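Below you will find the structure I want to go over with you.
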Amino acid sequence: MNSLETILPFSLLTQFSLVLLFMPFFSFLLLSFLPLKNRNGAFMSSFLLFVSFVIALFLFANSWNNPPDHSRWVWFEIGNGILFTSGIWLNNLTVLLLLLVTFVSFLVHLFSMEYMKGDKGYNRYFSYLGLFTFSMLGIVLSDNLLLMFVFWELVGFSSYLLIGFWFHKEAAAKASKKAFLVNRIGDLGFLIGLMILRSKYNTLDLETLTSVVETSDPSIYVAALCLFGGVVGKSAQFPLLVWLPDAMEGPTPVSALIHAATMVAAGVFLLARIVPFVPVEALHVMALIGAITAFMGGVAALRQFDIKKILAFSTISQLGYMVIGVGAGAYDAAIFHLITHAFFKACLFLSAGAIIHSLHQFSSKNDVNFDTQDIRLMGGLRKKMPFTFLVFLLSSMALMGMPLFSGFLSKEAILMASSTMNIGWQLVVPVLAFSSVLITAFYVTRMVVIIFFGEFRLPKVKVINTPNFASVSLIMKIPLGLLAIGSVFVLFSSNPFDGSHSWIIKGLSSHVAIHSAIVSYGSITLMLVGMGLAYAKFKPSGVYVQNLHKELDYQNKWQSLSFNNWHLNKIYDVVFIRQIINIANAVKTVEEKMIDRIINYFAIFNVILAKFIGLFDQYIVDGLVHLSAFVTSAIGWLSKNIQTGKVQTHIVWAGLGILMMILWFVV
Amino acid sequence: MSTLVFFLPFLLMYTVFAVYAERKISAFIQDRYGPMEVGKYGWYQTVADLLKLIQKEDIIPKNANKTLFMLAPIVIFTAIFCGFAILPLTSSWVGSLSQNGVYFLIAIVSLDVVGILMAGWGANSKYSLLGSLRAVAQIISYEIPVTLSVLCVVMISQSLSLQEISYQQSVLINVFPDLESTKNFLFGIKTMAIDVTAWGGFFTWNIFRAPVLIPVAVIYFISTLAESNRAPFDLPEAESELVAGFHTEYSGFRWAIIMLSEYGMMLLVAILGVILFFGSWNTPLPNIGNITLANWTTGQPGTIIGNLWSILWLISKAMLWVMAQMWVRWTYPRLRIDQLMNLSWKYLTPFAIFLIFMSGLWRLLMI
Amino acid sequence: MNWTINMFYFFGLLAVISALGVLFTRNVLYATFFLILSFFSVASIYVLGNASFIGVTQLLIYVGGILILMIFGLMLTTKLSGKVLVTESHNKRMGVILGVVFFSVLSFIIFSANFEVLNKSVEMPKKMIEVIGVDLMSKYLIPFEIAAILLLIALIGAAVISEKRKEIKE
Amino acid sequence: MITVQHFLVIGISLFSIGLSIVVIKKNAILVLLGVELMLNGANVNLIGFSINDPQIQGQIFALFVIVVAAAEAAVALAVVVRMYQYYATSNVDEPNELKG
């Protein structure tokens, strides 16, 4: 064992965190194997999650701003003395994320109870949610990269299950496969990074790595980039951002949980874990990737008509922000943004879910078929769903980075950090980041205005009999309200204009964050400009909106570029998939023409050889076998006659045996 | 040698007169005369019968197993006559001074079962076979109480030798090689300290040496009645059921031998009973002070007068025993076979076992 | 002494010949009576071998007990139809060979062995029966008791085994 | 003078004859007789060995053999009777249900 890796004792907190970890797992097991009826399973599952949440609260209260609590034990041993440890590391980052994950997961459970009502796979859905939460908590709790990788893969698997929850829909099945496969590409990088670290430093324990890694080592540069590959996959960074929009095929609460709050944040969390030993050059590369992602995601969100797709691209963009934050050396800001983003984006997704749910009920009530996610058919929902409008508006403000909202604080912190990168090519990062602010403001305003203002456009297309909406039920309102409260600044900082005073940032890093008024004002200005432009274009009385229900997906190539997410799918199709198919065809041809023929000849040779061997077998080997069988049966025939079943014959043989013994011993 | 010289002729004589006695006793019991025609009081009746029997044809059934049929009476008689070989006739005249006398007697007597089986099987007659099976079952069953009651005596006298047992009951006790310093006490209870060694007579008989032997003697008497197939245990030859049992098919001389064996058996068990319980060849008269009746009526061992006294006492006591057997025969009705077995296994055997235990305790009083 | 050895030869021969009679006779009952004769002779041999108590025991148990029991068994297990009771033989060759081989091997061993020590005359106890009695009650008490229990078990077992039961195979 | 060998010869004769009887005879009772004969052969040997033994251990052993033989005979006879009841035969070669 590495001298640094000693066994650390189980503390009380560790035991609590293990309970917390396994609560959702129990939920998974129970729901998978118990024949539960109605909503009992959901109640039980939510209750277990609530227990987890309470424990997380307890842990948070005990660990925040206290010295980290680290328990470690031997996991397994390979060969002679090559030990792998595993353990639980509770520091500020861990407990913060625990709280977030359990909280959001619990709210999503609550929301889903209503949202999924009547679905055939009701219990299955909640068991998958349990498995997913378990895996996510595992990532957060594990103290070393290998264990984290295990849970990382579990997260990938459970998200595969959740995205493909309605696997009978072809699109859902395809999306889940896509998400899974694209993630694998990134995870390959992760695995290579693990190998490099293990072979170089003989340990994968994060705490130990932090103390032993020298950042000047070129191999650590490679390793960090490889690990970043995993992040790129999981957090949908450029160039692997194609899976996230498709993943919207899953149930909307799932999107809220995994595509807003937890799973995609896992990448950022990983970055925050490894950042102490990542070289600055690698960080800059990450920042660049993040900036590109933020910009591309923003642009792609501009011309989407599917409400969930808009939110998905927005998520990509925001994840890009977080990565910028890490790359620019302010991982605390990135985590801050992660938290705030988790709240407002989960709120947005759940609100979208509420809208979709209501429209769905509306459609079934009026017996009309339409795309319940298409914003072209919405409009004017402000009056029909006032509560949803309120929470949606609050979260949107946070997303745009409106002052007085949480998003402003965290985004400011990231923009501050990016503004320090101002030498040479690095200038690209702040430029893209700031321009994304404007784009974000534009598409958010577009979304809010189109959905909630103006008049309800559906009756323009379809015949509606009873234009009344069912109100959103209380069990859906509670999570929405709680999450909307999280979008307000007061939860995070006393100063609504200065994110650097937030307790989260203070708790995560010791260095004093710079605060520049120019950055604040610049970003606010950009945001307002974006809002203004959007309102000018999409004002409810405008021509565009009046004809929106007749609007096509795209009309020119710019719109096409945005609508089709920079044509990335097509590019990948041409660049990779086609080439691979071509190579495969070529290989197939070679296989058919050459290798098969060689094999055929070889086979013919073998057949001829086999004939000879067969003859040998038949007459010599089989002959021996037959001979021995014959001898055996002859002996058996002989000895069979001894066993006559008659007492006296037995006595004869016994007597002969005694005689033999007499001769042996006496004579 | 006593066996051939004395017992063989005596047995023949005895049988003749025993048959006569039986007839007469049965007649007296049934209040009639019995044989009266041949000789005075019918004295020669039995002799005449015997002559008739010897003259009769020796009939062997056609389907009989000849060998077994012919051999059977001889085997029966031999087995019983062997028993006489170890009986002590007088204080100095004994057939075979075997240390295992009693034991041998019990063993050899059971051999007549073989002869009975041979007879029963060999005759190839249902009556014979059933009779012999009954006889054998009965004899084997009653051997148990006989043996156990004999064992009681053996426990009291600590010897298997009949002569030693005889001497122990004698006024001449100290003459016997191993008993020089042995003393007899009244009822065998040493703590009472009444030395009866010099008294002799009936005081030293076994039933007086150890009164626990009185019930033993009763058991012995009952069981030996069954052993010798005498009434009320004469089921093997129950006339009303089996004609004559295992000897249905016999006639003439062979039948005579079988009858001889039966009476011989009676005599044998009588003599054995006398030896074991009633003082053997000892006088019943005790020494009373200076009137040494016991010594007078015993004589010194080895002298002619001594032998004559001994024979007198032994035979007369045995005759009394035989008379008792006859008396019982003509008094009691015959038992059923299940009653017979019940009596042996459920009453006599457990009681005899209990008496062995009591005898052991009594023996403790004697030392 | 001469008389004793002659008696010994006589009874020994009688024992062996009557044993052979058991072997060669086909009549079951004859066989049993031959065996009685043989055992009787063996009892005599015991007596001549200074073991009169064992001899009498032999008479009492074997001749008076076991063999009578056997004859009973014979009568119970054969149908009484007036036929001569015969038994068939089989394995004749094997049986005779086995017997002869056993006899020859064992007699070869006996005649090649040295019995000088055993044949040395020793002063024997006067009252043999006393020795047996005392030994049985002291030295061999446990085997004695075990034998008693064995007899009891055999008694009960025999009664239970031969009890008539209803499910008799036809 | 009777020597040990005298007894032994008679013993082995009886034993061998008994063995032959056991093997040859079909009737179960006769087989039992053979067994008894074999036991007697053994007993003769024991008596022979104790003729010059003041402790007469051989005789006591023989006594035990006889006792055990009595037990054996009783049980074996019961078995034979039972066998007769069950198979209606007393031939040992007829109940051959053990035959493979």
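So that you can tell them apart, the chains are marked A, B, C and D in the order they are listed, and the count of residues begins at 1 in each.
Definition applied: a contact is a pair of C-beta atoms (placed from the backbone, for glycine too) under 8 Å apart; a residue touches a chain by one contact, two chains touch by 3 or more.
Here the structure is a predicted model, which means the values were calculated and not measured.
With centres taken as mean C-alpha coordinates, the chain found closest to the middle of all protein C-alpha atoms is D.
Taking each chain's centre as the mean of its C-alpha atoms, subunit A lies 95 Å from subunit C. Centre-to-centre, using mean CA coordinates, subunit A is 115 Å away from subunit B. With centres defined as mean CA coordinates, subunit D is found 6 Å away from subunit C. Taking each chain's centre as the average of its CA atoms, subunit B and subunit C sit 29 Å apart. Multi-chain contact residues, meaning those touching two or more other chains, occur in subunit A at positions 648, 652, 655. Residue positions of subunit B in touch with at least two other chains are not found.
Of all residues in subunit C, those touching 2 or more other chains are 53, 57, 65, 67, 72, 90-91, 94-95, 98, 102, 106, 128, listed in ascending order. Viewed as a network of touching protein chains, the structure does not reduce to a path, ring, star or complete graph. Here subunit A touches subunit C in the complex through residues 648-649, 652, 655-656, 659, 662-663, 666-667, going by the rule given at the top. Residues 640, 643-648, 651-652, 655 of subunit A are the ones touching subunit D in the complex.
By the touch criterion stated above, subunit C contacts subunit D in their complex at residues 1, 4-5, 8, 12, 15-16, 19-20, 22-23, 28, 31-32, 35, 38-39, 42, 45-46, 48-51, 53-54, 57-58, 61-62, 65-67, 69-70, 72-74, 76-78, 87-92, 94-96, 98-100, 102-103, 106-107, 110-111, 115, 118-125, 128, 131-132, 135-136, 140, 143, 147, 150-151, 153-155, 157-159, 161-162, 164, 168-169. Residue ranges on subunit B touching subunit C, taken from their complex, read 63, 65, 67-68, 98-100, 103-104, 106-108, 110-111, 113-114, 117-118, 121, 124, 129, 133, 136, 140, 143, 160. For subunit C in complex with subunit A, the touching residues are 90-91, 94-95, 98, 101-102, 105-106, 108-109.
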